[in-house]
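Per-chain numbering from 1; labels A, B, C and D assigned in written order.
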Amino acid sequence: MVQMTYVEAIKSAIQEEMRADDSVFMVGQDIRGAIYPHSKGLVEEFGEDRIVDTPMSEFGMFGTAFGAAMTGEYRPIVDFMFAACSFCAGETLMVQLGQQYFLHGSQTPVPMVILGACGTGKRLANDHSYIPRAEILHRPGLKYVFPSTPADAKGLMASAIRDNNPVFFLYHYDLLMDKGEVPEGQYYIPLGETEVKREGTDITVLANGLMYKHAMEVAEKLEGEINVEVLDPRSFEPFDLDTLLASLEKTNHLVIVDEDHARCGFAAEVMAQVFEKGFDLLDAPIERVCIENMPIPGGYMEPTVVPTPEKVEAAIRRVLA
Amino acid sequence: MVQMTYVEAIKSAIQEEMRADDSVFMVGQDIRGAIYPHSKGLVEEFGEDRIVDTPMSEFGMFGTAFGAAMTGEYRPIVDFMFAACSFCAGETLMVQLGQQYFLHGSQTPVPMVILGACGTGKRLANDHSYIPRAEILHRPGLKYVFPSTPADAKGLMASAIRDNNPVFFLYHYDLLMDKGEVPEGQYYIPLGETEVKREGTDITVLANGLMYKHAMEVAEKLEGEINVEVLDPRSFEPFDLDTLLASLEKTNHLVIVDEDHARCGFAAEVMAQVFEKGFDLLDAPIERVCIENMPIPGGYMEPTVVPTPEKVEAAIRRVLA
Amino acid sequence: MGLSKKLMTQLFTNLVRAYHFDELFARRLTRGELIGFYHPAAGHYAPGVAAGTVLEKEDYMWPHHRAHGVPHMLSKGCDIKYFLAEHTGKETGCCSGRTSWHWSYPEFGIFGMTGFIGGGFSQMVGYGWAAQKNGRKQVAMSCTGDGSFNNGRAHESMLMASNWKLPIIFLCENNGWAIHSRIEDMHPTEDIASLAPGLNIPAAIVDGQDVFACAEALQEAVKRARKGDGPTLIEAKTVRWREHDIGTPDLDGYRQRTKEELEALHDRDPLKIATQQVLETKLLTQAQIDKIHEDALAECDACEKFADESAIAEPTVEELRASVYAD
Amino acid sequence: MGLSKKLMTQLFTNLVRAYHFDELFARRLTRGELIGFYHPAAGHYAPGVAAGTVLEKEDYMWPHHRAHGVPHMLSKGCDIKYFLAEHTGKETGCCSGRTSWHWSYPEFGIFGMTGFIGGGFSQMVGYGWAAQKNGRKQVAMSCTGDGSFNNGRAHESMLMASNWKLPIIFLCENNGWAIHSRIEDMHPTEDIASLAPGLNIPAAIVDGQDVFACAEALQEAVKRARKGDGPTLIEAKTVRWREHDIGTPDLDGYRQRTKEELEALHDRDPLKIATQQVLETKLLTQAQIDKIHEDALAECDACEKFADESAIAEPTVEELRASVYAD
């Protein structure tokens, strides 16, 4: 184990995989100069042939990765800088990417990682702060992970690179400098394992990313009064429902915190799945704490529309009331 | 009342509104020649200045409508031919469109209609058959309607054109030639009114578009045995939950049929809302009948992955079992 | 002419095959023996034939949707029976019957397609990138219509190919139409090739009705690409004798295309032109030509037999669920 | 010179104002008195000033993100205090404090922006379309950087503007950089203007450090547009003396930009150049120039006072919910 930051952990996974496998390369805008810090120093180690800067041509940039992946000889990472920029690749990302393998007879895998930073906190409004999530989950054929801790960051990135499918690896601006223990060398977290990050008996809170931190903060605060179990999906697709159901067997109460708009979001999907598979486990309706169904404003009003520890606590109290 | 087909009804609303309001115009590819029949004859009536063909430049085409709408002098309809083509306009449609009004201080309305045809049945696989729905509903600031009958087609299109916000009006290939009674002259269905299309007492089925037809078929078949109430949201955003809850007061059972992928779909959202607002109304878990979480294949296997009357019936029976 | 006799014979043979396959697909669609739709070549055969013929098996290719890529694919060596089986929803289809009209011949560097025009430009950059890096002197051939060059993806793809000197050949199969739209109304200059200088890409305009002229230009471009000299844009001026896809009205904007216009387009029939050339240059005798037609028709029959005798693709939902992700 | 004295005085005044506002925004960002980020003009003032100054109030405009559009907007007549208030999260902000850095001056034909570069090209076609149809002889001005022309949206926007002869002026503010990327590595020709002939658009290259030269070229283009002669591409070659946005390292790829390079860029300081011109042509005296600076600084102070004294925008969630849709 070593101490490192979340962003160092992301980079460390990329480095380990690039050292181990020549077919991994990275393509994006201004990644050599590390406009976002996860690529800092990579070009010095791996050279300009493997850390590739492109023009502001998101279709071409995305296509560099998508096409190269299909040839079967490369495992690209395409870096969209801020995650919502991935929408700039339009239907090639939203439609083609997920359908390519399955529709064409499951013959040509598309091993690639779609990387982007996002999250509220910088007050830059919707474009920069928005976390693409439910739109991606809704599109079949795309995997999706989001790390909450440095160890998750390393293990999920390494698994994403090794996966033979398109995997979205998005991360949160606000966690960049968070420190934690991270296993040395190659380290993999299998995609599709919800982690019990904190044991508890009274209520389950499903939360990830910055929301995971909020959930932990609230859990610590309520310690003694309410015994909160905190689960982190880490991988949203594939999603491990079983660990959640096992937790609900114990707690019978659920709050879902999601840094995404509520409508047709991941929280709604989990509620639906619990409806379908765990209806009898619940002693009270589930509450979801999500971003309001409005474009995320910047300035000082972000906290008004995004989940905060206060809102999480209030939801916990309502569910247990 | 006059008898007309679904596609004639769409066209008739466009005609009425274009006659009444010079600021309405339509932009798309090969719409003068009516590559899809809803625009047949429009250029002859309204001229090339108001029925505008563009090159295969989806960003420019979309921008023609988006920009013109913002000037406050036009109410454009942008026609994407097949609905999934709207993804070709990337972030301008997926991010900018919905946030434009709100983020910029709610000063500059964006009155425009986004038109597209879609739906399974043609066996052309994902690109052509896919119905963009949950991705759009998830993005705040966008309204969304989908007609099931000729009267709905006319009333919803007219209201969509009159609305001062971006409204997605998508319609189903397979309903094009369906006939029905349609009010003459200008006719508006307010956005956000779920319609009780068939009264019943045992179970509520929420269904729209081709799925509405499936639901009606099953309801007729079960007549005498199970008394099925069929509700049609018509407008998915804004969505009228109250009418659904009122129906559940009576039936206490719900099946949602949605011609969209299940994961993070509209059905999940409705399940979540019922969880939140009508938990006690239900005597059994809700079932959702949706498209499998896989790209829609073409060929002969479409029925295997999309909702069919058989699957709807089976779900009804399971919920009531 | 810079073409070997062998290549010319291949080109002629492939042209004949493309012609007969186009008739076959059109006939089957009309009779309801093909799923979905069909965009007939109808005069627009030669550029695709030339593109497929000048490539090696391991080169990458994005076939044009016109004639559903059949001229391109058969010329590159793909066995069309798998595509016909796909187009009839059969288990033996090149996509296991999952699409009805998508191609997929990975061993031939053809990985699939999309219904969104211009979608191929994007991944083309990746093919070119891979071809440049892997050191095996592969090239990548992008075949698309005139209309697709009005899409921003074309700009980005050519720009990046030019920046990086990628071994990509951009073939513009310019038939003058995009559905009902005349290129004159949709593109601001006479030639698509006029885009090339602004992107520092060499370009050539060729007679798209002359398969040998197309092949010569493309062969030159392929040579440049293999040498590492970067992309080329080849614009082949061709025609469309029929409606965009079978059953759609054949309009000029919103008026019927005139008989005179259509008849004039028949003046330059690629098959007639090529036949005359191979006879005049004594490359082939009439008897040999007849044999090529016979063989092509026999091949068509065999493909139909294969497709028609294959089982309908009706996998279970469990089987489908298990194939969404690669292991 | 084809510019009236009045216009020249305006241009000079606006240049001075743009300079002082840039200093103000940069200073505030550094001190933590501005929300978010700031992309300083730092030498790159003149094209935006010229673009704003040659337009009428009712013309449409898409300001460039460089200097957050301030040169453009103040020159067009917008009161920058509302933008500064926005950038400090105040109720009085031009977007009601909802963005921190978006502009919105609808009465001035400026409807908002987006963080996605190239996003403006798309709606520009709609502005141009509206301007052409409404018969009021409006024009639309698109101001974007060199980097944005590598995006497909630029291609589509210019192509459609050319097809339809829309009254759009595409101003390329070419400072030679997109963040850490040199234009030489990202664009395949020396000039962005080289794209224009392929789209049948007239183009001109001007010295972007000379506000009068920029204005002359733009004025010409505006005239053409108002006459109905269609779009023009104007490429103004300018510079960037500092890092892309304040606090980001100033890299050439992944190496520090050299002192020598940066110093050389200062040779051509737009303010010095303009000052020399107005003095040499006796348009203004030194005293008048001093007064212009004084007034600009006073304006800056007044804007800061306005923003700083305005209340923080903290609407309730109910208020926000009620303003997602227009009635």
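To be clear about the criterion, a residue touches a chain if its C-beta (ideal position, glycine included) is under 8 Å from a C-beta of that chain, and two chains touch if they have at least 3 such contacts.
The model shown is predicted, which means the values in this text are computed figures rather than measured ones.
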Remotest chain, chain B as reference, centres from CA atoms: D
Approximate Å spacing (C-alpha centroids) for the pair chain A, chain B: 30
Interchain centroid distance [CA atoms averaged], chain A/chain D, Å: 36
Distance from chain D to chain C - Cα centre to Cα centre, in angstrom: 45
Where chain A and chain C are represented by their mean Cα positions, the distance between them in whole Å: 40
Shared interface positions of chain D, touching two or more other chains: 93, 98-99, 102, 114, 116, 150-153, 155-156, 159, 163, 185-187, 324
Residues of chain B touching at least two other chains: 54-55, 57-59, 84-85, 87-89, 91, 95, 102-103, 125, 127, 140-141, 292-295, 297
Graph class of chain-chain contacts, one of line, ring, star, complete, other: complete
Footprint of chain B on chain D - complex, ascending: 60, 93-96, 98-99, 102, 104, 106, 109, 111-112, 114, 116, 119, 121-131, 133-134, 152-153, 155-157, 159-160, 163, 323-327
In the complex, chain B residues that touch chain C: 29-30, 32-35, 43-44, 53-59, 82, 84-85, 87-88, 122-125, 127-128, 292-295, 297-301, 304-305
In the complex with chain A, residue positions of chain B that touch it: 58, 84-85, 87-91, 94-95, 98-99, 102-103, 125-127, 130, 134-135, 137-141, 237, 261-269, 271-272, 275-276, 279, 285-288, 292-295, 297
Contacting residues of chain A [partner chain C, same complex]: 49, 54-55, 57-74, 76, 89, 91-92, 95-96, 100-111, 140-141, 143, 164-165
For the chain D and chain C complex, residues of the former touching the latter: 150-156, 159, 162-163, 185-189, 194-201
